[in-house]
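Each of the next two complexes has subunit A plus one other chain: subunit B in the first, subunit C in the second.
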Partner chain A sequence: MNDSSAQVLNKNVGRTKKLKSTTSFVIPYIVWMALFLVVPMGVLVFLAITTYDFSANSEVHFTLSNWDYVFNSSYAVNVFWPCVLRSFYVSFIVTVICLLIGYPVAFFMTKIKPKYRALIMIFLSLPLWCNQVLRIVSWRTIFEILGTNYNEYYLLNIIIAMVSMYMPFMILPIFTVLEKLDYRIIEASYDLGCSKLQSFLKVTLPLSLGGIVSGVIMTFLPSLTSFEVSDAISYNTVLLLGNLIHARFHGTGGYNIGSVFSIITIVFTVVGFILVLKVDKEGETLI
Partner chain B sequence: MKKKTVMDYISIIFVVLAFVIIYAPIILIFMMSFTSTYSLSEVGEGFTFKWYQSLFTTNYESLNIATKYIANTDSLKAAILNTFFITILSTIISTFLGTMFSIGIHALNKKRRTTLMVLNNMPVVNPDIVTGFLLLLIFVLFQTLFGLERGWFTVLLAHIFFSIPYVVLSVLPRLNQIDPNTYEAARDLGCTRLGAVFKAIIPSITTGIVSGAMFAFTMSIDDFVITMFVSGTEFYNVSTWIDSAMRRGFIPKGVYAYNVIIFLIASAIVLSNNYLQSRKARKFKEAV
Partner chain C sequence: MAKVLVDLKNICKSFDEMEVLHDFNLQIMENEFVTLLGPSGCGKTTLLRMIGGFDSPSSGEIYFDGKLLNGVEPNERPINTVFQRYALFPHLNVFDNVAFGLKIKKLPKDEIEKLVMDALKQVHLEDFAARKIDRLSGGQQQRVAMARAIVLKPKLLLLDEPLAALDRKLRQDLRYELKDMQRSLGITFIYVTHDQEEALTMSDTVVIMNEGRVLQIGSPEMIYNEPETRFVANFIGESNIVDGQMIKDNVCMFEGVQFPCTYKGFSKNEEVDIVIRPEDFLIVDKDKSKLTGVIDSKTFQGSIHEINIIDIKGTELTVHTTKDYPLGLEVGLIVDPENITVMKKPGVNVYSGVMEADQMVRISDDIILETDSELEEGTEVVVRILTQDVLLDDIDESDFEGIIQDIKKRDMYYDVYIKTGDKTIVSSTSKVHRVGETTGIWVKREKVIVNVEEDVENE
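What follows is the complex of A and B.
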């Protein structure tokens, strides 16, 4: 007891001493982050509530017309809402497929020798070294070979390509949690009369929930906001949320509506991460 | 030897399925890089190395860093050089800055540290498309205010921006592990402030710095979305070059060869590193 409190004290002394010495290193970082993150956020909000146009250097009129256009016009009915629904539908399916395949893979990885575990981990992360755009283009070629590269199949093709791209992000966090799981707890459940299935459903699955939530977020959010997959696979005919933002960054007045879309996307992201932090307070399964 | 159960076979099927889905496009990229024709019916026919050769036979006159002519191999070479230029510079700069910032963040009290970590993690959790759009806005603002055109410089700034948070996330856990007194000891022994940082802190966090640099390198070399937003119309890295070529409906096959080379080099480095690590661990075990 004495020992540990002495340690804590010691640590604190070290910290306060250092506080005077190296904290100044932080100042340039704050300036940097303010410049590239906080200021653009301000510009984003400003653009979303005005009709200001950079290229024309027009007058500033505060208005909610951008929001009205997105949520409450014929554009909203014909483009925006169908697009949001389609995005959620695609991301949902992608996430479910990744989870249904990814969880058993992560579970299997914990059962094998550490040497092979490391190898599987490596082979899951190596695809990151292959250019993502070229991987998407290659999927298109594969669909051409399979004879499914036309209208009716575009949505399915997009889902397959996304599953391929985001699957590692589902497997890795689940594996991280499962690997840390104390095997004695599972043994205890057997001793207490659980069958293998019961033990899995009542012990392993609840304990790996943190990894599942992280994996779901890390698959769901990228598929919700990606534009390059649908753009390449469907020749820009199937529009998702990301495509709406992408389309807005050319042309005049586009930035205002684009800002509204970006704010909506940020809201989705924040909600997603609040969900993760509810389950996984330390945030250790992220990244 | 344990007997294999039905469950084992099912697990193996799932692993194979996952790897087939993840690796299918990569296998196709390998095949495309070795076949001479563009037509699909002949994928796998006409084995050739000519796309690899085309990457190394340079026509210096047409090699222009500001790539204007898409869809030829020379512009691809320029895009590759651009990619390396940006990736190497941004890795070096962001690793240095990220390490310095981590040391600063580490020395803060808990409340301020948490605030700064929230700020640090924002670019990490933001979708690429939002980060790209935010950076585009600030660069458009710069353009209006100072006349800064978008090009290699804005791309470099953007890459440094999105790399630093990953470096901080790799270095900070290492800093938490070191003895807080080493820095003070170095100061007592006559080091200057910066001297103490470089002689006492940096050497004990090298593994964190290296993994941070690896992160920064991986993120930068493959980046598409953010680069596309901030690069303007005349600067291409490999990703935006492929995108641009794709929109014109013709992708020169040299880029497949380039990707195979990068993929093989990365695999070789990662696998040999893994081998060395496991051998080290085994030797350590034997010694104990």
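What follows is the complex of A and C.
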């Protein structure tokens, strides 16, 4: 071995050493993730393919009967899948409303002076400092005052509460993209003959697509899996996906079926995030 | 005679009380290549944006082809822009970027395709039509920006530092291409740059700007050979600027040596600035010239040697020569009469004053000014304010006020004599004032030059 290659080798040794020393910084996080994400996921999968019952500490039998129940039983047909559909329906409506209100707000925020922008930011983020359950319960109080706190209005009430809760998650990613947009590109479109509307449709809107997709996913997914809103607002009478899972784990037994529900929900979520990352490769709009 | 295409009349522009353009007047002819040249912050980009319609003047009119352009939206102006850093649409490919304006005009598809491909051919990018913007080099992006603007066949093209982001070699190549394109298309170009080399090589007319004002307008040769102010001489190329006197018509003197020159009309022994370009000095034997000095330092710069010569009185002169000379050699310098530029010294108000607390200086009971000087309270000082830095404004916006006593017309401006208490202050301005008028007077704090009295005596 000659001198120069020895030097290269030494350099590499140095580099791995350096790498090792910084790697140690993430160890606590990796341990945390392993304990509270990977292990529970394993438990979920285990429960979903066995008949093991925690409370009885029963024998372990591997089976697909849980999946058969969720996909083929009359319970599945009459309760679970209609409930999934309802959840998608509610999330869809919530997302559309958030987008229709949120985009103009985000757009407006880029047009005003920084101090007013900061004020809107405070209004957007201030509610997040207050406990979520409290915010939902206070919505129920508002509906009581409005006189709409009964059966016919529950679905509407849930949608209103969800819109208010998830609005910041729609506005912020869209605002982030719009704010980064080079004003010269917009001016270039005017320069080439665009009216204000044409410029918006042909330049601003396509260039903010990344923010829209992030906003949509970050509104859609939490609405899809939320259980506490329907729980508090409709006294658990309007069942959503989250409520079914909650009931399985909170009530007696049924962990195995609940695990199957959870895994199905996780699949929806993962597909959602893959979609975001397809549009927004650097993940810069995610908060 | 060429037709006036763009006529800028008395343009003023302020942003939040910061004045960026001051009573700006300029006419641009059809098919002219005009360059606005100046250091950053001189107002050149603001001016371009006002012609493009992205900013509006605080006062004054912009005429295009005889029609008033104020208030016309940018999309309704027959003008296109090549933006700084190009501002290409990142979500569209090369073809769609160039086709953008044509699609807005709703031209038929086959016509768009033909025009776009023609424009791409003109900028040598015909093979890149389907390329994404972020897959292009800086030079290629610049060409797309050009194609996108010229495909609409505007009468006037605005270019905002289009070459600034490119490396030196590419910049030089593109200069010629731009000039050729301007000639072959027959479009008027208004080109903004801070690069004097670019301005000199490409333009028909160069407009030199500083602090929101025109300093000089002329052909590149004129600007280079006959700078009218110290700023222009310094900004355009390298210059030796030395103090001198006009002995009589066609004779000037500097460093104690008389030289023939081609300037007339100065008063006898008037103090002037003398400008000589480094390449205009000729080095000769020391006994062949009265102006002699010792070679103090030299650097080799490729095609030329830059030699610094210390004159007997300690003045340093820079000479460019193709021949090498040894350090320490005593040599003589001669210069052709045509190569000596004589400039009037800028007028200056000189007062004695006393420093007060909080960086204020008192000139008289009526005149107390802010200054950057941090001299102690009570220090006796000499205050100098160039007449061009004395600004006249509304009384309530100003530092102090006075009554106009006299107005003298100079070449490009007026000298206005204003009496405030027992002091007279002179202001050089292009605005018209009347004798007897009361005016507010205002000086930027960094323009109030304060020296301790002893320093001045030593000078």
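To be clear about the criterion, the second predicted complex is superposed on the first by the 256 of 287 C-alpha atoms of A that agree within 3 Å, B and C clash if a C-alpha of one lies under 4 Å from a C-alpha of the other, contacts with A are read in each partner's own complex, and residues count from 1 in each chain.
Note that a contact is a pair of C-beta atoms (placed from the backbone, for glycine too) under 8 Å apart; a residue touches a chain by one contact, two chains touch by 3 or more.
Computed from a predicted structure; not experimentally measured.
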Fit-or-clash call for subunit B and subunit C when the two complexes are aligned on subunit A: fit
First, second, both or neither for A:Val203, with subunit B first and subunit C second: second
Touched partner set for A:Ser164, first subunit B, second subunit C, both or neither: first
Which superposed partner A:Val279 touches (first subunit B, second subunit C, both, neither): neither
Subunit B versus subunit C as contact partner of A:Gly193, first or second or both or neither: second
Larger contact residue set on subunit A - subunit B or subunit C: B
Which superposed partner A:Ile185 touches (first subunit B, second subunit C, both, neither): second
After superposition on chain A, the shortest CA separation from subunit B to subunit C (Å): 12
Residues of subunit A that touch subunit C when the two form their complex: 182, 184-185, 187-195, 198, 202-203, 206-207
Residue numbers on subunit B that touch subunit A, as the complex places them: 10-12, 14-15, 17-19, 21-26, 28-29, 32, 40, 43, 97, 100-101, 103-109, 116, 119-120, 122-130, 133-138, 140-141, 143-144, 157, 161, 164, 169, 179-181, 183-184, 187, 193, 196-197, 218, 222, 224-225, 229, 238-239, 242-243, 246, 251, 255-256, 259, 262-263, 266-267, 270-271, 274, 278
In the complex, subunit C residues that touch subunit A: 52-54, 73-75, 79-81, 83-85, 87-91, 100-101, 104-105, 148-149, 152
Subunit B-facing residues of subunit A, complex: 10-11, 14-15, 17-19, 21-30, 32-33, 35-37, 39-41, 43-44, 47, 54, 57, 101-102, 104-105, 107-108, 111, 115, 118-120, 122-139, 141-142, 144-145, 160-161, 163-164, 167-168, 171, 221-222, 224-228, 232, 242, 245-246, 249, 255, 258-259, 262, 265-266, 269, 273, 287
